[in-house]
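For clarity, chains are labelled A, B and C in written order, and residue numbers in each chain start from 1.
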């Protein structure tokens, strides 16, 4: 039995050049990722992005074709799952239906050869951690979905693993319970200082819970960063489109620019507008402009900007969304938060649009 | 919904046909029961009175008792061997990477597809040479082969119903492969395994064809003894034996049914 | 599937070993020995097979076997269809009772059921007694040892093997399909012909194949109900072995039977669904 390691780095995970192929498909394609000890990291991506395969490789249920996985500096790539000493919470709880709640939680301790008394004591303590002290004697089937999920968490942390892996653990819960559990899991993680690797396809969940988010698409790591970074400064077109709402508008660079520099973009059917180059662009290069709906502004009077026609105004309480059509048939969404005193518009009105250069990110388009 | 008069008439005709077939299925077997308690030497329906003399006759006859005990012995051993070997194979098929899997699957259905008379004659030939006819070992091996397909398919069904993710959960909890099987897989497929054993028992206990050929004069199974008696004289003792055999089958089926219900309740509770 | 929890090929083979060993010794070896006998004794060649196929007596037995197996299949299909249909539309207690009526015979000893038919059909059997009491006959009629009796009893014994595949095929047809057909103007008969029957064909094929295969090699019922007059191939094999000790010739008969069965199985490979007969108890 492995004891809890006092070493601060014991809970760090290094994934180096991980590749997993299923036939001709690269489920994971050369992903490298460093997860710090005590960090809450979300693996975010659409289905087929490889996020679950990465988690299963860490857990030991998948073996990679290339690359290795280090846990606290130790290579665990080929170690069988039962000897990795990681905690895992599955999508559908997977509590053993023939055991009581307490027996479920004590199971990993039994497998580690602990005596009955210590098992009982530690299982009860874990049950208290997830605030289910009274339900130890019940069968899993007698618990609600949220309670089952808490038991699954208790079972995964009772042997004090260095890392807790979670495979879309909240997807089976309804919306309210899900939001409640998100906060609860976050608190629990801080409390016991465990490293958490959390797979989800829900961007809100990832942004809410994680210290850092790894965005994946088609088996490749698109961007790794803090939630704010991902939203404010997406590094690829995919990330800009996947996280939050985004308008895309094609155009060409009016001048050459290095990454992070301001650049004018000649928009299709419109004039030149300011933007920020994400990658290096040469004059005349095709670019795609990403604009957040809430960063678009209706300019007052005869200011210089992009003329557009309001086709629809949708009132949603906390904000009003305008559907706009600009020259060249470009369709845009614009969001006006309520109560900020910003100018509004009604359907059929002609308006002029503008934005800050920093809010328009220009991605170079591969020719 | 109502489909109109002709529709309803058609449905009633189909229903009537279905229930008539049910009666046809059950009646011949059930009619034996009242006849087995008739007092006369000749079977009559309805019986002329009530008497258990033919049951007593059966228990007094050392030949019948010996054949029954031998069949019991064979059936118990068969249930044991077939269940163990069949469960192991089912595990290899579902959880393993078995080389030549297609061939193995063909072998599984083999004993069902090959006519039993062909198998029986072939076994007779080889068993004679190996001096296995009329032995416990010979009977057990033969019946185990006949029962194996049913065991394999029953356990396979249980394994497919079983949520494999639970095994992963056990592994993630630190359980090794053997501990996972012992603490998680086996308890959850147990109803399937037990009904497989029941199937194997009934198949062996009732098996007439192979038994007919590999019995010896002094050591025969119950079906072989019945076969001989039917061939020579349709005595009421046979009706008593048939009734008891049917009762045994009903019991086994009921037991299987209860087990299946228990397993289903467990599965339903899990998904609920 | 998932790498971390599958048995290695070696471990899988070890798990399969008891099964493979048993089948090798008690299945493959005996059949191979018998077929070897048929091909090499008394002299190598197809002499035993030619003998079986040229002698009119044996040819007649084989043709009768085919005819009876065909009639049994047909009768079983006609009897099983309405029952399977009603089962597929029932739920709860009704289904449980009908299911029990099918499963009980399936697991009741073939000998017991055959014996029951003998009791019914013999000279002073139940049917003759009834007919006499009703004044329909004066002399007992000969029912036993007729081809009709063999077909009837075999259809009875094999009926569950027809009902179960039919039932699972019919159960898979959603209630709304026939309803939709009727809403679209189909008569009940047209609904059956155009919608239900085509959809349950896989079950029909599967059930017919199963019953036909089992009927071809059936031993107990033909031997007891048919007697020597209505001899089928299984009884012939038994006679060759037990009375004449002619192993090579019996081997040839088994070889012919096996060739026939295997050809049918290969032809209808997909229809052989053994799992339908278990797991339903």
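Structural remarks
FYI, contacts are C-beta pairs under 8 Å (C-beta built on N, C-alpha and C of every residue); 3 or more make two chains touch, one makes a residue touch a chain.
Chain identities (UniProt): A = Spermidine/putrescine import ATP-binding protein PotA; C = ABC transporter permease.
In this text the structure is predicted, and so the values were computed from the model without any measurement.
The chain pair with the larger count of C-beta pairs in contact, out of B-C and A-B, is B-C. With centres defined by CA atoms alone, the chain at the far end from subunit A is C. A comparison of C-alpha centroids places B closest to the centre of the full protein.
Chain centres here are Cα means. That of subunit A falls 59 Å from that of subunit C.
Subunit B and subunit C, compared by their mean Cα positions, are separated by 16 Å. Rounded to whole angstrom units, the spacing between the C-alpha centres of subunit A and subunit B is 55.
Those residues of subunit B in touch with two or more other chains are numbered 168, 171. Listed for subunit A are residues 59-61, 80-81, each touching two or more other chains.
For subunit C, residues touching at least two other chains, in rising order: 2, 4-5. Those residues of subunit B whose C-beta lies close enough to touch subunit A in the complex are 163, 165-166, 168-177, 179-180, 183-184, 187-188, 266, 269-270, 272. Residues 59-61, 80-83, 85-88, 90, 92, 94-98, 107-108, 110-112, 139-141, 155-156, 159, 165 of subunit A touch subunit B in their complex.
Within the complex, the subunit B residues that touch subunit C are 1, 3, 6-7, 10, 14-15, 17-19, 21-22, 24-26, 28-29, 31-32, 35, 42-45, 81, 84-86, 88-89, 91-92, 95-99, 104, 107, 109-127, 141-142, 144-145, 148-150, 152-154, 156-157, 164, 167-168, 171, 195, 199, 202, 206, 208-209, 212-213, 223, 226-227, 230-231, 234, 238-239, 242, 245-246, 249-250, 252-253, 256-257, 260.
Of all residues in subunit C, only 1-2, 4-9, 11-13, 15-20, 22-23, 25-27, 29-31, 33-34, 37, 79-80, 82-83, 85-87, 98, 100-105, 107-120, 122, 124-126, 129-130, 156, 159-160, 179, 182, 188, 213-214, 216-220, 224, 234, 237-238, 241-242, 247, 250, 254, 257-258, 261-262, 265, 272, 274-275, 277-279, 281 touch subunit B in the complex they form.
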